[in-house]
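The chains carry the letters A, B, C and D, assigned in the order they are written, with residues numbered from 1 in each.
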Amino acid sequence: MDFSTAELMAVTISQELRDNDFTAVGTASHIPLCGIRLAQRTHAPNLWFVYGGSGALNSKARQLVEMAADFRNLEGAEYRTPLQDIIDFEFTGRFTCLFLGGMQIDQYGSMNMVAIGDPAGKHIRGPGTVGLAFTSTIPRTLVYMQHHDPRLFVRKVDFVSGRGHDGGERLASYRQPWCKGPTWVITPLATMDFETPDRRMRLRSVHPGHTVEEVRDQTGFDLAVTGPVPTTEAPSPERLKIIREIDVDGVLRR
Amino acid sequence: MDFSTAELMAVTISQELRDNDFTAVGTASHIPLCGIRLAQRTHAPNLWFVYGGSGALNSKARQLVEMAADFRNLEGAEYRTPLQDIIDFEFTGRFTCLFLGGMQIDQYGSMNMVAIGDPAGKHIRGPGTVGLAFTSTIPRTLVYMQHHDPRLFVRKVDFVSGRGHDGGERLASYRQPWCKGPTWVITPLATMDFETPDRRMRLRSVHPGHTVEEVRDQTGFDLAVTGPVPTTEAPSPERLKIIREIDVDGVLRR
Amino acid sequence: MSQRRSKLKSAAEALADIPDGAKVLAAGVHLSNTPMALVRQLVRQGTKSLEIIPTPATGLWVDMLIAAGAVSKLYVSYVGLEFLGLAPNFRRAAQEKTLQIVDVDEPTIFHGLRAAASGLPFVAFPPFHLTTDLPRTSPDIYKEIIDPFTGKPAVAIPPLCPDVCLVHVARADIYGNGVSLGGRHMEDVITKASRRVILSAEEIVDNAEICRHPTHTTIPGVLVDSVVHAPFGAYPGACPGVYGYDRPHLLEYNELAKQNKTREYLDRYVHAQADEAMMLKAIGAQRLEALRNYG
Amino acid sequence: MSQRRSKLKSAAEALADIPDGAKVLAAGVHLSNTPMALVRQLVRQGTKSLEIIPTPATGLWVDMLIAAGAVSKLYVSYVGLEFLGLAPNFRRAAQEKTLQIVDVDEPTIFHGLRAAASGLPFVAFPPFHLTTDLPRTSPDIYKEIIDPFTGKPAVAIPPLCPDVCLVHVARADIYGNGVSLGGRHMEDVITKASRRVILSAEEIVDNAEICRHPTHTTIPGVLVDSVVHAPFGAYPGACPGVYGYDRPHLLEYNELAKQNKTREYLDRYVHAQADEAMMLKAIGAQRLEALRNYG
């Protein structure tokens, strides 16, 4: 069965989620959103999620809208989560995982949304840190990147909006005790984790049609490879069917 | 026209309130409540008030109920104030005045709701401090006492739940800058203020049928008297009529 | 594909593993929306040595648990029976020093719970509590500190973290989404502050009904561990929008409590009734239904 | 007997005395419920040197005020145009250093406003911000302190106190009681945190209608200074439960902004239109009404 990269990513994301997870998505998150709703309809019926600025808890919106804050996402929701609750769920680790990303990510999973270059000097300005500091409060940070190239995957970020695994003992002591930091990364090319002794980014699977070499070429640092790298599992027809019920307008196939 | 002491107190309270005041009443507050609603219907149409644990803002409940937290008080209200808001209004001085009282009050207006005697030793236990510390945050604390006798009006309270004017410079510096502390007292016998050079309780008016001597006898400290003491103004027929529309069951006449 | 799990349990099942010594909070303000069915079940099962963190204005449930010998420590802002006056068992226990009392006040309980709800290490107050005797008698709660931005004095108070909270609402679904008809008092803060949340509801409704009005839900199910169907679960107090309080019954409680005979009350209405269904039968359907004609 | 005072004013009257240099916050999240009619009036009247405290996720109004030359200082958590990408005028001003930027984040803005709303001198966070570069670049906002209860490190952040906030709702009465149909995002915190509150509403309703459902009111009038009747007051953004956003109009804004021609946009839609009624006429009634058929 034919599928798009976005559909593959959504299905792969769903399999990374667990029953009883509590999560949220923000702007530009069609792919994680479809993954979440697929998980709810397959192996994770007890997963709860908040849909961005709309505050919809467990939205059942009939169509994928382009703005997470769209009030149409309240359709079929169970609660209108105010920002107060969202921030409390972040601080206290009640959200078991969150989808975060950035304009730069480095080999230890630190992310940057503030500036490429020196913010005090010449730089390219980003939208701001928003919730990236929560990489140090959320049990599992799942990194979702819409692109995979050496300008995004850099050796060292120019500004630490959210810290990865390169903080040493002192910075690790500032993390909430339940927090594991970034644990997983998905891009249009591959999935990665941080399962090396020094917690560096490691290739976990390469999406169908791509190669290990290609992924390493598109990564601006030495991406760890330990042993043979499997191909990311293609979506089953059952899962694709559900994804297309959620994504009724075919946004993920554009 | 005939009126009860409770009705006299309610009308007198209404005249102490100003247009644009923002206030609240708690438990056992029929008399202040009637005073507030009378003020809204006469000289203070822009007064706002929260009715105790019901959270009703500007309640228009048809009957006086015995519990401030009664949800029937939400009838005709404009908003359901959660406790979060009430406490924020207290801290920030948005409530311009509050009706507070205690099981003891002393000559400088300090009040006690914790214990008569030594809480670490032999004592009579009170219900607890609740909101009395707000005498140091609210612009004007209006003291409402249901009785007037030497056991309530004491030289010095056994426990300071809320501070009056006896703190000295250091304690005064802990007050919010907009806070004037207790400014006015009403009892079944008289009204009092703290308009002496050393901010001691001073007799302001004696209710009809009572005398200065009687009030001083019923006060456990030397109640200041400066000049002739007027009689508290009797309620006008117009005001009594409105009070009895609010207090339709005649609770204040029992 | 697996099924979504129901959280519906009996009161006995829901409360079974609350250990002796747990920190317990029952929501509600005065005699409104207090989860009395759950509190009675706590008495029935004989849980002991509880540390009670009450809401800032409450009494009946605390007074009853004290009479049942279930309380060893109590935070106090206001513990009383509202229009009925003081809480007799609380007063007696305080005077006889049979429990540890920590005197605090309304903002301290509220902000202490909010700190727990928000994951904050402590809360900085303006220094006005220093004008009272509370920091002297509760030195573990009030610490004078310096505001790092202004250099001025401030007061730090610690988070208050209940192990379990009990909350009553008008309606809930089996996943824990609850609707209080009288709006929120501070149930949002309480449920986030507590490690476990046990929700009782007058009525269990379909999830589809909840989903029709997501902005009406006052407690999101994601915070709730157990749902208990408890008709008249706030009795003898009121459930906003559903029924009023039972005044004669409250007077009966108060009279017995004043005479130090709350044991008689508990024997009659709690211990003699194996569960809440029997308790309600003992009160009588006609009497209960009459409470719905309120206002 | 005196009459209760109406707070209803024109946008020009309501905003007239906002001085240059004021700290301003416009509520809303992304393109939802942002008080654009009031923001356009700020542009029309040429207020300057504003210090902007935005909500944690916003952009259009900030980008527009920057293009109008009205902003001198800006707190940033997320400033962008959501699905349209970055906010071009913000990016340009940041890179060219024509305004002062204070980099913070979502919880810092939220808790800073909540501290102002609650009258707290500062807020103590767990120390996780120390793992980021924010304390280094915004040292006035993040101060390392010691938790007096545990001796462990914590981070203090200051209150954020807007001089004035602008808020848009679906319905309001002339006394300022407002109802947002999409529920609350953080308007409760914003309105309590601000010295002055200016409320715009799609529809002005009778006070009696508000009083029928007190639990539906999301903003109590006691906090509100002025009420402005502003149909399509969130345009070109969405007003939850009333209308959706105007996508082609947003694209037009974005294209001009990317080309550094926002002046053209402002001339056409703001300066050339003496007020909002004329602005809406310029957009066209048919086009506006079509936005109501949303979803």
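In this text, contacts are C-beta pairs under 8 Å (C-beta built on N, C-alpha and C of every residue); 3 or more make two chains touch, one makes a residue touch a chain.
Here the structure is a predicted model, which is why all the values come from computation and not from measurement.
Chain pairs A-C and A-D differ in how many C-beta pairs they share in contact, with the greater number at A-D.
Chain centres here are Cα means. That of chain A falls 56 Å from that of chain B.
In this assembly, the C-alpha centroid of chain C lies 37 Å from the C-alpha centroid of chain D. We define each chain's centre as the mean of its Cα atoms; on that basis chain A and chain C are separated by 39 Å.
With centres defined as mean CA coordinates, chain D is found 28 Å away from chain A.
Counting partners per residue, chain A has 74, 80, 84, 87, 91, 137, 176 as the residues that reach two or more other chains.
Annotation for chain D: residues 111, 118-120, 125-126, 181-183, 188, 214-215 touch two or more other chains. Pairwise chain contacts present here: A-C, A-D, B-C, B-D, C-D [touch as defined]. Remark: chain A residues 26-28, 53-55, 66-72, 74-75, 80, 82-84, 87, 90-91, 114-115, 119-120, 122-137, 159-163, 167, 171, 174-176, 179 touch chain D in the complex.
Interface of chain B with chain D (complex): residues 19, 22, 41-46, 48, 56-57, 60, 74, 76-81, 84-85, 87-88, 91-94, 137, 176.
Residues 29-32, 56-57, 59, 76-80, 82-83, 86-87, 90-91, 94-95, 101, 103-107, 110-111, 114, 125-134, 137, 153, 181-186, 188-189, 238, 240-241, 244-245, 294-295 of chain C touch chain B in their complex. Residues 1-5, 117-120, 173, 175, 177, 188, 192, 207, 210-211, 214-215, 217, 220-223 of chain D are the ones that touch chain B when the two sit in their complex.
For chain C in complex with chain D, the residues that touch the partner chain are 111, 118-126, 143, 145, 147-150, 152, 154, 156, 158, 181-183, 214-215.
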